[in-house]
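Every chain is named by a letter (A, B, C, D and E) in the order it is written, and numbering of its residues begins at 1.
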Amino acid sequence: MKTAARKKTGMAPGSAVYTGTKNTEPVRMHAITFNKDAVTEYECQSVEQLPLCKDQSNVAWIDVCGLHSVSLIEQIGAKYGIHPLTIEDILHVGQRPKIEEFDDYVYVVLWMMYAGADDIVQEQVSFIVTDTCVITLQEQPGDVFDPVRERIRSRKYRINSSQSDYLAYALIDMAVDSYYTVMENVDEIVTDLEERVLVDTSTRVLHDLYQMKRRILQIRRALWPLREVASKLERTETKLVKKATRIYFRDIYDHTIQVIDTVEHYRDLLSGLLDTYLSSASNKMNEVMKVLTIIATLFIPLTFIAGIYGMNFQHMPELSWKYGYLAVWGVMALSAGLMIHYFKRRKWL
Amino acid sequence: MKTAARKKTGMAPGSAVYTGTKNTEPVRMHAITFNKDAVTEYECQSVEQLPLCKDQSNVAWIDVCGLHSVSLIEQIGAKYGIHPLTIEDILHVGQRPKIEEFDDYVYVVLWMMYAGADDIVQEQVSFIVTDTCVITLQEQPGDVFDPVRERIRSRKYRINSSQSDYLAYALIDMAVDSYYTVMENVDEIVTDLEERVLVDTSTRVLHDLYQMKRRILQIRRALWPLREVASKLERTETKLVKKATRIYFRDIYDHTIQVIDTVEHYRDLLSGLLDTYLSSASNKMNEVMKVLTIIATLFIPLTFIAGIYGMNFQHMPELSWKYGYLAVWGVMALSAGLMIHYFKRRKWL
Amino acid sequence: MKTAARKKTGMAPGSAVYTGTKNTEPVRMHAITFNKDAVTEYECQSVEQLPLCKDQSNVAWIDVCGLHSVSLIEQIGAKYGIHPLTIEDILHVGQRPKIEEFDDYVYVVLWMMYAGADDIVQEQVSFIVTDTCVITLQEQPGDVFDPVRERIRSRKYRINSSQSDYLAYALIDMAVDSYYTVMENVDEIVTDLEERVLVDTSTRVLHDLYQMKRRILQIRRALWPLREVASKLERTETKLVKKATRIYFRDIYDHTIQVIDTVEHYRDLLSGLLDTYLSSASNKMNEVMKVLTIIATLFIPLTFIAGIYGMNFQHMPELSWKYGYLAVWGVMALSAGLMIHYFKRRKWL
Amino acid sequence: MKTAARKKTGMAPGSAVYTGTKNTEPVRMHAITFNKDAVTEYECQSVEQLPLCKDQSNVAWIDVCGLHSVSLIEQIGAKYGIHPLTIEDILHVGQRPKIEEFDDYVYVVLWMMYAGADDIVQEQVSFIVTDTCVITLQEQPGDVFDPVRERIRSRKYRINSSQSDYLAYALIDMAVDSYYTVMENVDEIVTDLEERVLVDTSTRVLHDLYQMKRRILQIRRALWPLREVASKLERTETKLVKKATRIYFRDIYDHTIQVIDTVEHYRDLLSGLLDTYLSSASNKMNEVMKVLTIIATLFIPLTFIAGIYGMNFQHMPELSWKYGYLAVWGVMALSAGLMIHYFKRRKWL
Amino acid sequence: MKTAARKKTGMAPGSAVYTGTKNTEPVRMHAITFNKDAVTEYECQSVEQLPLCKDQSNVAWIDVCGLHSVSLIEQIGAKYGIHPLTIEDILHVGQRPKIEEFDDYVYVVLWMMYAGADDIVQEQVSFIVTDTCVITLQEQPGDVFDPVRERIRSRKYRINSSQSDYLAYALIDMAVDSYYTVMENVDEIVTDLEERVLVDTSTRVLHDLYQMKRRILQIRRALWPLREVASKLERTETKLVKKATRIYFRDIYDHTIQVIDTVEHYRDLLSGLLDTYLSSASNKMNEVMKVLTIIATLFIPLTFIAGIYGMNFQHMPELSWKYGYLAVWGVMALSAGLMIHYFKRRKWL
C-alpha cells in the first residue's frame, strides 16, 4: 500500500492522470448482466461492447481490471456520464475512502485486502452505482468478489432478484469482510509476539513490533474513513438505495465498526507489548549487571590481599610467620563470606 | 474470549454460520412461562415443544444453550419470525454489543462474564425481546441468570406481574452486574501488583502487568459499546418498552457508566504501575551499579600500588627501606580514606 | 475511598442492601426546621419523630448519619415517598456522582472530602430535595456542613429566608468547596515532590509519586461526573429549583469546573515530575558510571604494567637496568596523562 | 501565578473575602472619562469621588489597583449595583477565566501577563462592563493597558468616538496580546533548549525542561477558558455589545485561538525535546560504557597472563626458557590484536 | 516558517504593521485580466495602474509579491475597499489559516509550501476574492501558482470561461497541492530513517528524528485550520461562490483531509520510530555490557588465583609441589569451563 498519495501537482482539476504503478498488460473488462431468470457473462474487448444499462429489468455489473490506460477509462466515463472529478479520483490511486453522491450515480472508493502471492495486497476499488448497473474499477486482476460472482451464477440467492443497490451492497460487503481475514493474520502475529517478547530480546522482535505497528496503522487509515462511508450509505437520501436494502447497509456499518474496534484493540495490545519488551530487555540487563557486580566485588578485594603479599619489601614480618599463608586464606574466606552475606541480604543471590 | 471475530468471509448475507467452538453436546432449550399466579417450567426436546407466545396474559422466557446446531436455530428463527441478519448475528460469536430494533422485536447482543472452572468466562448472549416473550441464546450452559429464575419461581417479586420488557431488563441487568464481580477480581490483582511492583523486579511482575492490561482492554471492549446499547434501551421509541420500565433501563445505563468508570480508573492505575515498575527496576540497577563502582574504585588503586612493589627490579630503593612496608599501608589507607570521603560527599554512602 | 463499588449481584432491582463498612453504632438522625423567625433543632430517636415536612412556611433539614440499618432507611424512604431505586442507590456506597429527578423530589449523590483522624476521608452523601425539606444521608458522623449549621442558627444570612432549594445549594456548595481543601494538600505535596525529584532518587519518591497519582485519579473520578451534576442542577426544569437560586447553582458549576481544571493541571505536572524523576535517576547513574569508567580505565593499564615487571622470568633485561624502575614510573605517568587528556577532550572531567 | 486557588471554605455564598497576597499599600483608583471632544483624568481618594456613569455621552474607565481592602471593593460594588457573587469572584484571586452576563453589566475575568521586575507576572483582572463605563480591577499597580491610555489621551483614534463596549474590547485585546510577548520568551527558551539538549546532559537541562513545561501548562490553563470567553463575547446577545464592535470581538477570538495553537505547538515540541534529551543522555552513557568495556576487556586478559608468570612455583619451566619473556609479549600482543579486531567488527572502534 | 507569530503588542486594532522579515526589494505587482477570448497581462509600477475590476465580463488576478511596504498595501486596501482588520492580518505574517467573510469580499489566508533554494519554504498567502477579481498577497516572489498562469495563458481550460470564484479555487487548490510535494519529501526521509534506526545509534539519527518531528508538527499546524477553511468554503452562503464551483471546493476539502490523514500517519510512524530507536540503542548497550561481563567474570577469578601464588610467604607448601604449577592451570581451566557453561545456560553465548 502506498502511504503517501503522489499527487499530479499543477494539473488542471479533473485532469485524468493515473498515479499507480505502470503496467503494460491489457485492461480486462468483464460484464455480467442478470435478473431472476438469466445470467449473461462476457469479456469485452472494447468500450463499445460494454452493456448500455438502459434496461430496468436487468442489473449489470461491469468489472474493469487495470487503470493504466487513461483514455480507456475516459471513454468509459463518457459512455456512462461520469463527472471528470470522479474520473480523476478513480485514476488517482492512493485515495482516502469516500462516498460522493452525484445526480445520476453514487461514487464509492475504498480499499480491499486479500492474500496475494507473498504478502497481503491492499488495492483501491472504485464503485460507480447507477440505478441499473454497478461499475467496479480496480488496478489489477485478482479481487475478493468471486463469492458474489458464484452467487449470481448459481441463481439461488436473493441477489438475482434484487437491483443494483443490493449488488453494490454485496460487493462492498465483500471488501469490508476482507479486513476480517487480515485481522486474523494480525491476531496470529500478535499472539506470536506475545510469547517472544518476554524471552527474546533481539532486535528482530523490535523490527517485527515496528512492522506490526506499521501495518496496523495502515489498516486503520483505510478503515476509519470507511466508517463514515458506511454511515453515509445507510443514511443516504438518494433514490438509488431502496428502503429494503438500507438494513443491509446498516449491517456493513456494523461490520466496519467491529473491525475498527478490533484494530484499536490490537493497537493497544501492541503498545503494551512494546512496553513489556522494553522492560524485559531492561530486566535482562539488570541480571547481567548483577552477575558482573557480584563476581567483581567478590574477587577484587581478594586479589588486592594477594597483591599485598606479592610485594617484595625486605621487611614484611607476615611473610615469615609460620601460619601467615593460612591466615591470609582465612582473611580471604572471611571477606568473601561477608560479601556473600551482604548480597544475600540485598536479595541478589 | 476471542479477540478477533472470525468472519465467514464470502458467504451470502444472512447466511447462518456458527463461528464459535464446535461442540457435540445436545442443545438445551428451557422454557418458563409465568404470570402473577402461575409459573410453568419445562425442558423442550424440539422446536415444536417451545411455547407459541401468542398469549398476552403470560410472559415466556425461552433459554437456548448451544448455538452449534445451525438448523435448530434457523427453525427457532422461523417459528418466531426473526430476520435472517439477526440469525446470522446470533450465530456469529464475537459480536460487538449492539441493539437493533425490528418491527416485531428488539435484538440485543452483549457479553456476560462469570467465574468458570478455572478462569473468568466471557460468553456472548443474544436477547430477542417480543411483546410476549424473551428468547436468550447462549453458547454453553452456565450463565448469570439463576437469580432471575429464583425470583420468578418464588412468585414474590415484581417480575411475575410485569411484562416481557421487565423480564428483558432483569436479565440484561444480571449481565451488566456480572461485570462488577469481574472488577472486584481486577481490584484484588491490582492491589496485589501495587505491593509487588516496588519490591519485586522479576519478569513475572511484568508478565502479570501485561496480562492485567490485556484483560482490562478486553473488558473495556465489551463495555464501551454496551453504554450505547443501554442508552438506546432507555431512549428507545419502540412500543415494546413500557414507560414504567424505562426508569429501570436508566438504571442499567447508570450501572454501565459506573463499571466503565471503574475500568478506566484501573487502566490509569495500571499505566501508573508500569511506570513505577520500570522506575523501580531502574532504581535497583542504580543500586547495583553504585556498589560495583564503590568497590572497584576503592580497590583498583590499592591493587595497583601493591602491584608496583611486586615488581622485580633490582634497583627499587623503597623495597629496602626499613619502614617501606608500613609506609605503603599508610599510602593505601590514605587513598582509601580519600575515596570514601569523595563517596560520602557525593552521597553514595 | 473504595475504588470498586461492590455490587450486590443477583438481587432483585430496588433491593435495599448496604454495601459500606459494617458498623454497630446507632444511627444518628438530626433535624433542623427553620424560617426567617425561628430555628428548631433536635435529635430524633425514631423515624416517627422526624418532621413531616408538610408545612410550606418552614424548611426542614434532616441529617441521617449511618446507613448500616437498612430497615431504618427503608422506613425513612416510606415516610417521604422515596422510590426503591433511590433507596438502593443511597445504601449502595461507591456510587458515581449523579442527579436524578423524580416527580416529587430530586436525588443527588456525590462525595465530600474532609481531613479525618489521620488521612483525608472521602465519604458518599445523598441529598433528597423536596419542596419543603432536604434530607442528607451519610455513612458516618463528621461532615463538611457545620458552617451551614452555624449560618442557620445565627439567623443572619439569606438561608433562613430562603427555601429548600437554597438550603440544598448551600449544602452541595460545601461539598464542592471541600475539594479545594484537598487540592491545597495536593499542592503542598506536589511542591515538595518538585524539590525532591531532582535530588533524591530513592524508591521513596517513586512511591510518593505513585500515591499522588492514585489520589489525583480518585479525586478526578469523584469530580468529573460532578460537573454533569452541577450542569444539570443549573439547567434543570424541575419546579423545585426557583429562578433566583439558579444563579447559585451556576456558581457551583463554575467551582466544579475550576477544581477539575486544577486537578488536570496537577495531573499534567505529576506526569512531568515522573519524567523528570526518571531522567534524573538516569543522570545519576550516568555520573556513577563515569566515575567507575575513569578510575578503571586509568588504573587497569597501570596495573598491567606493574604486573609485567612482577613476572619471574630469568631473562628480563629491563629488571637489571639501572633506571628501569624510574622508566616504568615514567611510562605509567605518560599513560595516565594520555588518559586524562582523552577524558578532558570528551568532557568527562 | 498561584496554581491552586485557595477557597474560603465554609463561608456563606457571596461572602467578600480577598484570597490574594496581603498588602498594605493604599488602593489606587484612577478614573478617565472621555468622548470625542474631551478627556478628563483624575485619581480618586474615595469611592464618592468615582464618576457616577449616568451620562450616555461620555465613556468612563475606572481602574482599581489593589483588592486587599475588601470594604472598599464592597462600596464600589454597592455604588454600581454589582451582584455579591461577582464581588466574591473579583476578590477571589485564582479565578478561571470566565464571562458572566447580568442584567445591567457583563463580568469578565481573565489573566494578563507582563514582564515584571525579574520574572513574568501573571495577574488576574476583572472587567465590569456597563453601558456607560468599564471598571477594571487588578491586584497590583502595573498592567498592560498603557497603550490604551495613550490612545485615549491622544484623541486621534476610534476609541474616543466609541462606546463602553469598544473600550472593553480594547482592554481585553491588550490582555490577550500580552500572551504574544510571553510566547516570544517561550520561543527563545525553547530554541535555546533545542541546542543544549543534544550536547549537555546535566540535570540543569532537565530542570529547565520541567520549568518550561510548568510554565506552558500554566499559560495553557489561563488560555483555554479564554477561548470560551472570547467566543461568548462574539456571540453574546446582550444589548451592551453593539453590532459594529462584534467584528472586533471576533478578532479577539482569532488571536486567542492563535496563541492557543502556538502554546500547543510548543507543548508538542517540548515533549519531543524531553524524548531527545533522554535518548541523548542514554547515548552518552552508551559511549562511556563502550570505552570502559574496551579498556577492561583489552587489559584484563593481559593482566592475567602477567599474573601467571608472577607466581612463585619452583617448577615453572617457562620461566627459565631463554625467550620466555619475549614469547609472553608475543602472546599478549596477539590477544590484544584479536580483541581489537573483534571490536572493529562490532563497529565499536 | 516562523513558529511564534510576533504580534505588534500595544497598537490600536487595525494598525497596519508588517511583522515579517524586512526587505528592501521593490514590491512586484502583476495583473492578469482574462475572459474566454482574451488574456491581458502586465506588471504594475503603482497602485493606480492596477485594474479597477468593475467590469463583470473579465476576471482579474492581481498578484502582489512583497508586504514590507505598509503604505502600498494600505493604498491597495483603500482602492478595493478592504477592512483595516484584514489589512492588519495580511501584514501580520504568522497567521493561522482562516477564512473571513465580509460584505464585498471573502478573505482567505493560508500557507503554501514549495522547494526553495536549499530548503522547503513555507510562505503565507492572503487571498481577497471579490466578484470580479482575486488579489493574492505574498511575502516574496516565487510561488506555486505558475501552472494556473500557464492554464490561463493557454486559453484551453475551463478557467478562462469561469468567474473569480473558480480562479480562487484554482489558486487555493495549488496551495493545498503543494503539501503533497512536501509529504513525498517526508516519505523519503521517514523511509530512510526506518532503515537507519535499527543499525545506527548515533546522535545524528536522534537529531534527524527530532527535526522530522518538528517539521511534521509545523505542517500539521498549517494544515489543521485549513480543514476548517476548506469546509467553510464548501458550505459558505456568500453569493460570491457559485453553485457549480461548490463541487470543486468540496474537492479541496477532500484533498486537505487526505493530506492531514497522511501527516497524522507519519506522526504515528515517527513516534514508533523513536520507540524503536530507543529500544535498539538500549539493545546495543545490552550487548556491550554482556561482553564486558563475560570477559570480566571469566578472568577476574583466574587473576585472583595467579595472585595467590605470587605471594611471597615462606611457608607455602603448594609452591614446592612438583605438579603445583600444572595443578593451578587445571584449577583455572575448570573455573573458566564452569563460567562458560553458566553463560551458555543463560544464553549469553
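Methods note: a contact is a pair of C-beta atoms (placed from the backbone, for glycine too) under 8 Å apart; a residue touches a chain by one contact, two chains touch by 3 or more.
Not measured: the values here are computed from a predicted model.
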Exercise for the section: Could you tell me which chains are in contact with chain C and with chain E alike? Expected result: D
Practice task
Return the distance between the CA-based centres of chain A and chain E, expressed in whole Å.
Solution key: 26
Handout entry: Distance between the centres, which are taken as Cα means, of chain E and chain B, whole angstrom
Key = 42
Completion exercise
Multi-chain contacts in chain D, i.e. residues touching at least two other chains, fall at 278, 282, 285, 289, 292, 296, 300, 303, 307, 310-312, 316
Practice task
Based on the touch definition given at the start, go ahead and assign the chain network to line, ring, star, complete or other.
Solution key: ring
Completion exercise
Ring membership in sequence, chain A leading and chain E after it, reads A, E, D, C, B
Fill in the blank from the handout: chain E contacts chain D in the complex at 3-7, 9-13, 83, 85, 95-96, 98, 100, 201-203, 206-207, 209-210, 213-214, 217-218, 221, 225, 274, 277-278, 281-282, 284-285, 287-289, 291-292, 295-296, 299-300, 302-303, 306-307, 309-312, 316, 318-325, 328
Exercise for the section: Show which residues of chain D lie in contact with chain E when the two form their complex. Expected result: 144, 146-147, 151, 157-159, 169-170, 173-174, 177-178, 180-181, 183-184, 186-187, 194, 198, 247-248, 250-251, 254-255, 257-258, 261-262, 265-266, 268-269, 272-273, 275-276, 278-280, 282-283, 285-286, 289-290, 292-293, 296-297, 300-301, 303-304, 307-308, 310-316, 346, 348
